[in-house]
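Per-chain residue numbering starts at 1, and chain names A, B, C, D, E and F are given in the order in which the chains are listed.
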């Protein structure tokens, strides 16, 4: 063991408060220390060269540097070791600046502490072992899950940089919720006008493979090397042959509520979800098609000019490999029927915001004319109730859905444009219009479009004389109010989806209780999931409007590009390692590992022990803290090293 | 008692064809003691005993980790076992930890009225010279060549039995006799509270004295059904160097603290560690204190609810009782 | 006032009238309350200014016209000066007073306010500035409460805040012109 | 054979006390084996230190502990003793961290030795695996000093991979200058390996040395020894023709601490060298 | 000639001994009797056999064998010097009031640690300056079987003094001259003739009360027989309940296995020898992971074979004094008497 | 004057160690009492580590991690909280003053909070040291000193 100790003056940042010469002299008394020097600036070139010279000349095999925080220069000094031919993990830094000289005034006390810190570092460094980071190949393909605007944007960004992308969409078409929208705030431009070109671009992009009507079934592997099983559900329509003429959809005698229009109208058993759908190819709903169920009908098959109806088609499971995954599974509206007070689905004219989007949409069930569902009449008074399923702890939705304020204002404007004589009332709690041009948008709704904002939640909606009566309050006035309305639009809160939760389990990424995916760090790693190599974009992470969704999607794409720009990934060697001789197979480590990095391994004698997948391990050390026989150790922070570090403090001679 | 014993023998005779070995109690070296027996043949069933001395927690023989397959049982052996209420907690805990396989276990359960702590007779009579014992529900008469003494059974019960919370086997395939109802609520952690009436330094001194006696025979660890690390026990290793070789109060204390922390949330209060201690150190108090705190913090009692995650293996973002 | 307010029965006419008379968009008010926060009389009135605004937005007519607020308003214009949405609230108050007078919504209780206004304006007309002593004395006598506020007399005098004799501005001519033009 | 009166007395007559020694040279033998040259600090003691092939010594690294290693330098080598240490437990790992000049403790020589004086005029076949060559190395040196006394000498030496073979230069030397037939083998085929491939016992059966007028000495991992013994007996070797050295966990090296026994025999004082005939008399407790 | 001392004077006697010697006597602690350094205020007891045998006085559970110190000169940091210091204990000791089976244990140690092989200097130093006062055992416990292994409850060769209690009086026989020196005339009297007769009587009945659980033939035959039953399935059968703890070995008067380990404190430290137990699974575990005695029956077999065979072969001494502690304290109720008896019947 | 107490700090790398650095960067003066052991996460803390520190003679142990919910590893500190709370409650049972152990949450931006915590905790430990209250044992205190603590006393009982 040959330990070299280097104490940095850091100009006089350290030496002003710490007797660095004394500390260096003390270090020479410690076991294994063969040289100790002070350096003016250890991080400077001369400083680095001195350290390297000592390593070479004295044959040092461990290095302690007393300087600034390891958060500042650990990487610098690790490189110094590497350049001198030493393993970079044989280094221990003692923080003599941030945690000593800068915070202590009493020179003697600071020097004594510095000596202790060096004792501890020497204690620990003596137990350090060389560590080798392993390298894994990086697969350059990217999987994007979800074909809404987030998925589309992310896929295009990655594909545009020349990398291969596979996009998997659960429904028969891409477009997601944005495709349902009529106009979008804050500019009120047409959603379809900005979205459909992107959809087409995606479908025709040479680097993108699109799997609609498909689901991710199983995911294994780790960053750079994911293996994914994708189930392509049988459309029963041959995508090669079909020209998308839509003749079949017109002939189909079966009718079912149209998902795309949220049940506001019906579609056939063979249908194209909406006119701009991509791919523009029908799908047959196996659950209602009488041919599928009873082998009767088959009209579509008869009428199809290209013989594209393929009842014999089976689900197909693809096995693909990817280096990175972007999850962009979007959102749903929460189940508002828990609000019995709002009519429980009893009143046809109490509708959700997304339904209203369809009613407003020119391609929607009413052809863009505002007519209420019950009798098709134009409503005169339209009430919008905000925060239905948002900011409501009692219904388990304490968070803000963040877009309702904006689209409520949008509805007010669009409604007034469609029906200039209508009155629009918006029952709200607060207006959250924080982004660029948003506040102005809301103001415009009030000032230019005469939207009536009533601050207060509606307590009840009931029917009286054929009209819907809203019982509310005007908290600004401090008075209960009542409104008779013809159409009530609920600004229903946004929630994560059950299918996202199921997917999160497959991907082993974490999600919160509402079904939103959890980012790795709320501020600094907002698009990384908890699992390396898996990124998140859009409303599957939290309620989000379109601009933010697109921004996050591009951000996720850039993270992916950063990842796959490497041919090999170096995994940190500061990961847990199992000493299989000591492991007794209690698997407590497996239970607590937040990253599912631990698995069972069966030894030749049949006994089961734990094994760490170093590519998945993040090095938190929970496993080694819970392992009773200390069989699993976190490299760089083993019990042995920490004990030795503490003993360094407890057993050495004072000054 | 004798009725139960007969029922037990019948039950075991019924169970034996299904298992390769039945673990029960048999005669010990004197009338005050019993010893675990491993019944493999029908003719051995008569060796079984059931009396007020059957204190051993037989669950300790179950974890395959403790005894490598082939040395106590073969890997595929199905085992029958007699479990008292308190002992069954150990089995539940072992099942919870995934250490034993319920399918390879046939459990005979019964009600228990508490076991006699023969050391409580010491002082009234030399228990190492006893050659005859007469016992009924309430009274015990003990004879040596020179003396005899009679005592009230309820006074002689183990402390754990006096604080018994689970008089009936919690998990079983067959149950003998009628379940015993607890007549009143008993504070389960009395022994802990007694010690806590001392001041801080008095407590330190108390433990110093206790641990000074410890000879580190490791019987406390080895008898514990939850201590199944065996060879790999942290207390037997020098890398990492947690424990010191020297046997003195300081390092003995450390030895027992390590064990207590390894049992935190897992100890089922069977008290075997204290029972087997040849130096009469109340070692069970350390894990029992953990149990008390874990009960207060998380309403957790190890070995009473299979399938529930132990408190130190789980968390809440907002902890109800931790600020 | 605590009856449930029926939003459907909004007095559109009233809203239009006020908006026209004052030249203000009532919907521009977003109820931040800064008007009330700065209003010197807000503490002593049933409907502080922002609430008046809210009532106007909802077309609530009678209570507004009958409220003391519109009369107590000092026209100090702090509300207007500070409104982040540039609503000229003082102007709206004027319009409300006008409308109230026009519609005859003046209750007995409110008489002294009118009287006070008259006496106040008389003093200004006469001196070009306020003659506190004279105006107050006349007001108290005319409202048959001669000893009202008498306890304040000595402290105010001592501090030189009150003068027995009126002071006048220099160019009373011009003032007379202003009055004249405003009445025309 | 070594007699028991050749006892290690220790400083002050305390056989538990090591003599102080210095590491004079240190070099890697394989990726996890190092060889050390150790010289007693007392020059006189060093000069007077004599041992027989097969004997062991206890090396102390104070703070880490003491461990038993076979002395594998030539018995004639008087200025240092060589030991080879495989990284396995606490003590051996600590030894791997040492540098030249490090101070250690040494107790020895301990144990018995190979009965080479009974080997005269005989063919000698040495069979070793991995670091099992260490005990045979001093024996080989000794045999070569009196090469004419013995008939054919063959060494079958195997390891897992070419990297795990120890004392490579010695092997060449013995082959080139010592009139020793050397058969090298590794467990599994590796490109560029010009010698045999297969486990040592298999190679023994392939080479099939004739038992007549031959003694076999084998050392290596327990499992290798076990199967080599089987092979040798199959070839017709009598138990008294076969010698092996045993490894057991030892502490005191004096027959007192009581853990290295096989039946009534202690590996530390009655061994480590045993003939198969002796072993057969002992309870089967390998 | 035997002397006698009355019970009330024992404390005085002990106080006097403790002036000149380190005196070990039994003390009552937490319901067990423990041989401890004598402190007048703590008193003493002769009521029960001490929980642990007396071996710990001469062979302490942890004992410093040597101290070492690495020293560094800051001016020459690459050189580290080492100094060693052996620690040999020299202390005049009296062990007082132990039963003959424990004295037999010390005799056993003498054979093994200072016999024909290497001598143990630590034991030797302690033993050479140690006097033993034995107490005849008149009411053996249910686990006692000293007579079966060649001992006697009432005679104590190897002791320096032997006490026999008759009511409130203790008759003291000096076995060695050194022992006689412990008898201070003023505290002792001459026992009456009839008392001496009572002593004889009591001794006889004590011997009679002990039933031998097995009969041993000569030592070599025993050694041979035990070797022959090495492969008996009974070893496994009889030790199923064993929990592999160290109670039987630690409380045994003859178990002497030990471990040596260093404890460092900074640059200095000590080499300790601590009791070890062949019943621990890790006892023979090698660094390679190989364990020649992996199963508990193998360890138990080794322990009893050691006592009843190997020690006879190597040291001509039987490794059991019949104190019965291992039976009494076994957490699993294993009774070695039954096992020996069973095995001896197999051959 | 009594020497400054010696406190071992176990700090997670991501929040609290950065917070302590932050205090340094902002020159927030503190008593020179805490010697910090950097860990990746408080989840790495086996309760035996702080316990050993106390038994080996540290005057106090200060543990700090990310605020609950902010763990870099998602949940490490949440496990740690349970273990440390248990340790804290257990200490007095074996005669160790629980006030010698404190666990806190300090984020990377809370340099000032770290400073306050160090000041408070140091003061608390200073007060305990004055009475020598709740040391694990007398031997504990000594092992920090220069004394050659290698002992050979053998007052065992048998």
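As a convention for this text, a residue touches a chain if its C-beta (ideal position, glycine included) is under 8 Å from a C-beta of that chain, and two chains touch if they have at least 3 such contacts.
Being a predicted model, the structure only gives us computed values, none of them experimental.
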Contact network partition after chain A is left out of the picture: B, D, E, F | C
Pair joined by more contacting C-beta pairs (B-E or A-E): B-E
Chain located farthest away, centre of chain C as origin (C-alpha): D
Chain whose Cα centroid lies nearest the overall Cα centroid: F
Approximate Å spacing (C-alpha centroids) for the pair chain A, chain F: 36
Separation of chain C from chain D, taking each centre as the mean of its C-alpha atoms, in whole Å: 114
Euclidean distance of C-alpha centroids - chain B vs chain C, Å: 88
Residues of chain F whose C-beta touches two or more other chains: 46, 52, 75, 79, 83, 143, 156-157
Chain D: positions in contact with at least two other chains: 65, 89
Per-residue overlap in chain E, given as positions that touch at least 2 other chains: 29, 34, 51-52, 61-62, 70, 78, 80, 259, 261, 263, 265, 269, 285
Residues of chain D that touch chain A when the two form their complex: 97-99
Interfacial residue positions of chain B with respect to chain E in the complex: 28-30, 33-38, 56, 60-61, 67-68, 70-72, 119, 122-123, 126, 128-131, 145-146, 210, 213, 215-219, 221-223, 230-231, 236, 238, 244-248, 272, 275-276, 278-281
Contact set on chain F toward chain B in their complex: 46-48, 51-52, 55, 68-69, 75, 78-79, 81-83, 85-87, 89-90, 92-97, 133-137, 139-140, 156-157
Contact set on chain A toward chain B in their complex: 581-588, 591-592, 606, 626, 628-631, 638-640, 643-644
Contacting residues of chain C [partner chain A, same complex]: 1-2, 4-8, 25, 27-28, 30-31, 50-51, 54-55, 57-58
